[in-house]
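So, here's a batch of structures to check.
One chain, chain A, links the two complexes that follow: it is found with chain B in the first and with chain C in the second.
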Partner chain A sequence: MNFYTAKADTAAERRVAVDDMILTKTMPTAAGSRMLDGYMSLFDAEVITRLENAGYAIAGKTDVGEFAIDLVGETSYHGAGTENGTLLSASAEAIKSGDVPAVVCFDVNGSVCRAAAQNGLVSVKPTYGTVSRYGTIPAACSGETVSVMADSTAKCREILDVLAGHDDKDGTSLSEEQCALVKTAAAKPAAKVAVLTNFCEAVDDAVSAKLDAAKAALTAQGVEICEIADEKIAAARAAWNILMCSELCNNVSRYDGVKYGYRTQNFTNIDELYTNSRTEAFGELLKTAILFGSDNLSTENYMKVYDKALRIRRVVCEAFEELFKAYDAVLLPACSRLAYTEAETKADKYLAFEENQYTAPASITGLPAVTAGSVQLIGSMFSENMLFETAKLLAKEGE
Partner chain B sequence: MDRETLRRLELLNQLKLTEEQKEEITAFFDCREKDLAVLNAIDTSQTERQVHVMPIMTVVREDIASQPFTVEELQKGAPDTDQGYWCVPRVVE
Partner chain C sequence: MNYETVIGLEVHVELATKSKIFCSCNAKYGAGPNEHVCPACCGMPGMLPVVNKRVVDYGMKAGMMLNCHINRTTTFDKKSYYYPDLPCAYQTTQWFAPVAVNGTVEIETSKGKKNIRIKQIHMEEDAGKLVHDIAEDTTHVDFNRTSVPLIEIVSQPDLSSAEEVEAYLERLKMLLRYAKVAECAMEHGTMRCDVNLSVRPEGSDQLGVRTEMKNMNSIEAIKHAIEYETARHIDAIENGTEVLVQETRRWDDIKGKSFAMRNKETAGDYRYFPDPNLMPVVIDDAWYDSIQASLPELPEEKYARYTEQLGLSEYDAAQLVKSIALCECFEAAHAVCGSAKDAANWMISEIMSILNQRKMTYDMLNINGTSLGELIKLVMDGTVGRANGKKILNAMFEDASIVPAEYAEKNGYIMSNDTGLIEQVVKAAIEAEPKAVADYKGGKEKAIMSIFGRCMKELKGNCDPQTLRTILIDTINKM
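Coming up: the complex of A and B.
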């Protein structure tokens, strides 16, 4: 785990860390990969500029898994953070240890949501396009989102309010009016929440207990809970894996050992330079994702696989739209268990592509998701305020 | 996933796998068939593809020349440079 401390003189509550997918001019950015080990950006990400302009100090950087596609950071080039065999998230540890009250993270495949759930923290993955991705390391551009993990709902909201806003430098940034909705939309809790039961079947007893506690807390506060099953939303995982890996394959094609990043010492010609640099620098999960994505985009599979996944994205979006006609929010787990062990990830190297079944619905649709009380709430576009207020009910019950 | 296809993907993506990795990745690819079955169970014949989650407008800026970074700055992170050029092995024999 890497954690570079800087500007320690800033008041504790104004100190924020950012994860290693976010470019910083004064600290290295490696995306958890040997390919970018020691890489120094020439500019700051837009979110860094916004934080500093608002009087926050970037206190350090937290390590991530390679290109943030893993469970909680275990594929980092620097090695997995563990305690008694249990995997640790560097961002969650930075908050739990009291170093910072919040970390600005880059959510590509649900690692932020899982880490928050497993560590009893709060996270928000805002509506896609409301926080600038300028200066983040691209992985799966159509669904990745700058997110916030914090020690409380209030802190999470405070930091999101600083980050949200239109940015001309990001082609997917929404208008200022739309971005403002993240801060100004009605701040009242959900009246009706749908629990997606088919997502609750494969979770362990600890997660099941958290779901029961969440349902009880919401019911106690007068929120109507309805249990429903939705097979269309459940298809999000398979479709997201296809889209994420295809986009990732293209995005990491730029790393070739020539203009920046790792270069092998073992080459005699240009092909060997490219191949050996990438082979030596990339980890196993990333290599699998690259090959999978490349195959999805091949002439043989483009229509059968990639095009199908794009159509499923619309199916999932429409399924949510339909749900939000009757419910204000959707409740589902963030992960199948409250801890992952190193042994589990060694036995099943592709566990991240299974566990993302809980986070893929928000990733593939761009909908906002708040994790609190170790469960996840998804709302309609720009409903962050409602999700925060609903999450506060979970916290209240916990106290 | 046959070995010839895997070899082609390796070449396309400038990667070299060990035998153990090839076996693991082949098994992963085989699982995709199950995922495809899940997706194919949903009729999308009348559904349009959705590339972006939100309507995206092409950003057009004024075409104004500028130099935000110098050549020296841009080459700071390069593994090997010489007089403003990136060095690579000989390409033309």
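Coming up: the complex of A and C.
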């Protein structure tokens, strides 16, 4: 686990940490990978500039899993953070220990959502395109989103307000008017919420209890709850794994030991330099993702696999659009259990690509998601404020 | 049996934009190693590509010049391969929806006119350059060229000889230079060419085994390579000297031979997929129309206008339309001086010969056409003598900011109308050349030229030759 500290003299409420997927000029950024050990960026991420301009101090960096595609950070080259065999999220620990009230995280494969749910924190993954990705380590560009984890809904919202806004340096950045919706859209809690029942079947008792508590809290405060099974949205996981791994394979291909980063000592020609540098520096989960992604994009598989995943993305988007005609938000678990053990990740190497079934719907569509009360709420584009208001109802019940 | 050669070309042309395709680095050729680079074009993580709109403008313009259909929604895709000159290990190109498709280019050869179909034009980024240091036994990478915008013009296999290929390449150069989208200088590597070639019996509609020669960078080399490959294919077919296989070959211009490349250099799956960081570019009517409106008059149209409306000779018009720079200079000069014939005359007998002397291409012409028009006017109305006019023109080549009238004044190139002064100079010259005077009087008409020359020199050329001649003859005759 890694945690740099800087500017400790700033008032606690103005301190923010960022995770190690976000590039900083003054601190190294390694993306949890030996490949980028000690890498110093020549520039700050846009979100760093925005935080500093708004008077926040970057108190330090929290460790992430290699390129942030794992469960909660266990694949970092620093090793997994654990307590009694249970996996810890570095960002969640930074908040729980009182070091910072909020961490700006890069959500690639749902780790932010899972960490918030497992630690009773609040997180927001805003609408894709409302927070600039300039200066973030590219992993799965079509769905990765700068997110916020915090100790309260109010803090989460406060930081998102600082981060959201158009950026010319990011070609996928939405217009200033659209980004402003994230900050200023009318804030009433959801009137009708759909619970996606087929996502609630494989969860353990602890998660079930959290879901029941959430439903009860919402009902108690006049929110209408409906139970819906949606098989189309359930297809998001398989499609997201294809898209994520393919994009990841392409994005990490630049780390070849030639220009910067880890370089093997063991080579006699350029092919060995590439192969050995990557073999020695990359971890197992990433290598699996690279192989899977590379295979998806082969000429033979492109139409059969990758193009199909793109079409499923559209189907999932349409399924959500259909739901949002009748409901304001969708409620589903953020993970199947409230803790992962190191032993089970060793036993099931691909757990991260199964657990992401809960986060893939928001990742693949770019829809906003708020995690609170250990459950996840997804809304239509720019509905962050509605989701925050609904999340507050969950928190009230918890108190 | 008679054979025909079937050739298709993939021509890479660097677009002449000021900045690179996805970052704001200078795209100009010729800087020191790695002077035009930034974290984006060096492939450092965290920089996101943002399309330089000017590149799309130029891509569309090239498409329109080649009579293509413009795709109103055009997308960028990633092409993956590992090579040290490719910093991200992928090249951003257009695979699924290129900017322009289905065009034609008309060429003219000794066999007449022919249409060459264009399959597509796509935009992409260039790669860097490897510099091998033999003394040190190391290789260095120069990223100046990475992300410089390129278009690749893919023809259908409609070409059938080295002569046609040359005509096609010359025509492409001319059209793209007219549209000012590219320099197209093979010697700078701003135009490069892949040649796909096969041979089949004349009249057959089946294609033979195709070989590809990559990265050809001179028309002479391309012509040699086509002749060599055609002969090699025919020899293989007729005499069974070797078995032809579909492959990429390298042309060695020094040896005058093509060689099969190692399989390793050519194999590979590029794993194309749409770049999620680049939104599809949607070309609306206003954008389309603005590019359409900016298209230049074609060389043929200029030729017709110059001969029919401006009354230029066919020869003069043909000379001028060789280069858009010559045309623009001529047209601006004509607008100022009012005489197309004089403007054309200055362009062809003075400017083009100065360019040749200085070993400059026509496109390198840096004379301001308006200034040239002013100069021509000064000579036409007798303010400046023609010989002094040429001196001013030469000075203008050195300093484009010269205003001809001011320069003439400052350097004493204004014609004198003072007959008293001319008579004085004539008198002195006659006294200095008694022999020439005697010869002239004795019937040798040519003898007068040396006296005339002496006078002109004394007058610094600022005298109307006719006036001087009249005064000189009158003076001698009166003696």
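Criterion: the second predicted complex is superposed on the first by the 399 of 399 C-alpha atoms of A that agree within 3 Å, B and C clash if a C-alpha of one lies under 4 Å from a C-alpha of the other, contacts with A are read in each partner's own complex, and residues count from 1 in each chain.
Note that a residue touches a chain if its C-beta (ideal position, glycine included) is under 8 Å from a C-beta of that chain, and two chains touch if they have at least 3 such contacts.
Predicted, not measured: the structure shown is a model, and the values here were computed from it.
In the superposition on chain A, contact of A:270 is made with both chain B and chain C. Looking at the shared chain after the overlay, A:361 reaches neither chain B nor chain C. By the touch criterion defined above, A:294 reaches both chain B and chain C.
In the superposed model, A:133 makes contact with chain C only, not with chain B. When both complexes are overlaid on chain A, the residue A:250 reaches chain C alone and has no touch with chain B. By the touch criterion defined above, A:42 reaches both chain B and chain C.
In the superposition on chain A, the chain among chain B and chain C reaching more residues of chain A is B. Once chain A of one complex is fitted onto chain A of the other, the partner contacts of A:60 are absent, as it touches neither chain B nor chain C. Once the two complexes are overlaid on the shared chain, A:302 sits against chain C while remaining clear of chain B.
Look at A:311: by the touch rule set out above, it reaches chain B but stays clear of chain C. Residue overlap on chain A between its contacts with chain B in one complex and with chain C in the other: 42-43, 142, 168, 171-172, 253, 256, 258-260, 270, 274, 294, 310. Of all residues in chain C, only 39, 42-51, 78, 80, 82, 84, 87-90, 141, 269-274, 276-279 touch chain A in the complex they form. Those residues of chain A lying in contact with chain B across their complex are 39-40, 42-43, 128-129, 142-143, 168, 171-172, 174, 231-232, 234-235, 237-239, 241-242, 249, 253, 256-263, 267-276, 278-279, 282, 284, 287-288, 290-292, 294-295, 304-305, 307-315, 317, 349-350, 364-366, 381. Of all residues in chain A, only 23, 31, 36, 41-43, 45, 133-138, 141-142, 168-172, 246-247, 250-251, 253-254, 256, 258-260, 270, 274, 294, 297-299, 302, 306, 310 touch chain C in the complex they form.
Remark: chain B residues 1, 5-6, 9-10, 12-17, 21, 24-25, 28-29, 31-32, 35-36, 38-40, 42, 44, 47-54, 56, 58-59, 61, 68-69, 73-74, 76-80, 86, 88-91 touch chain A in the complex.
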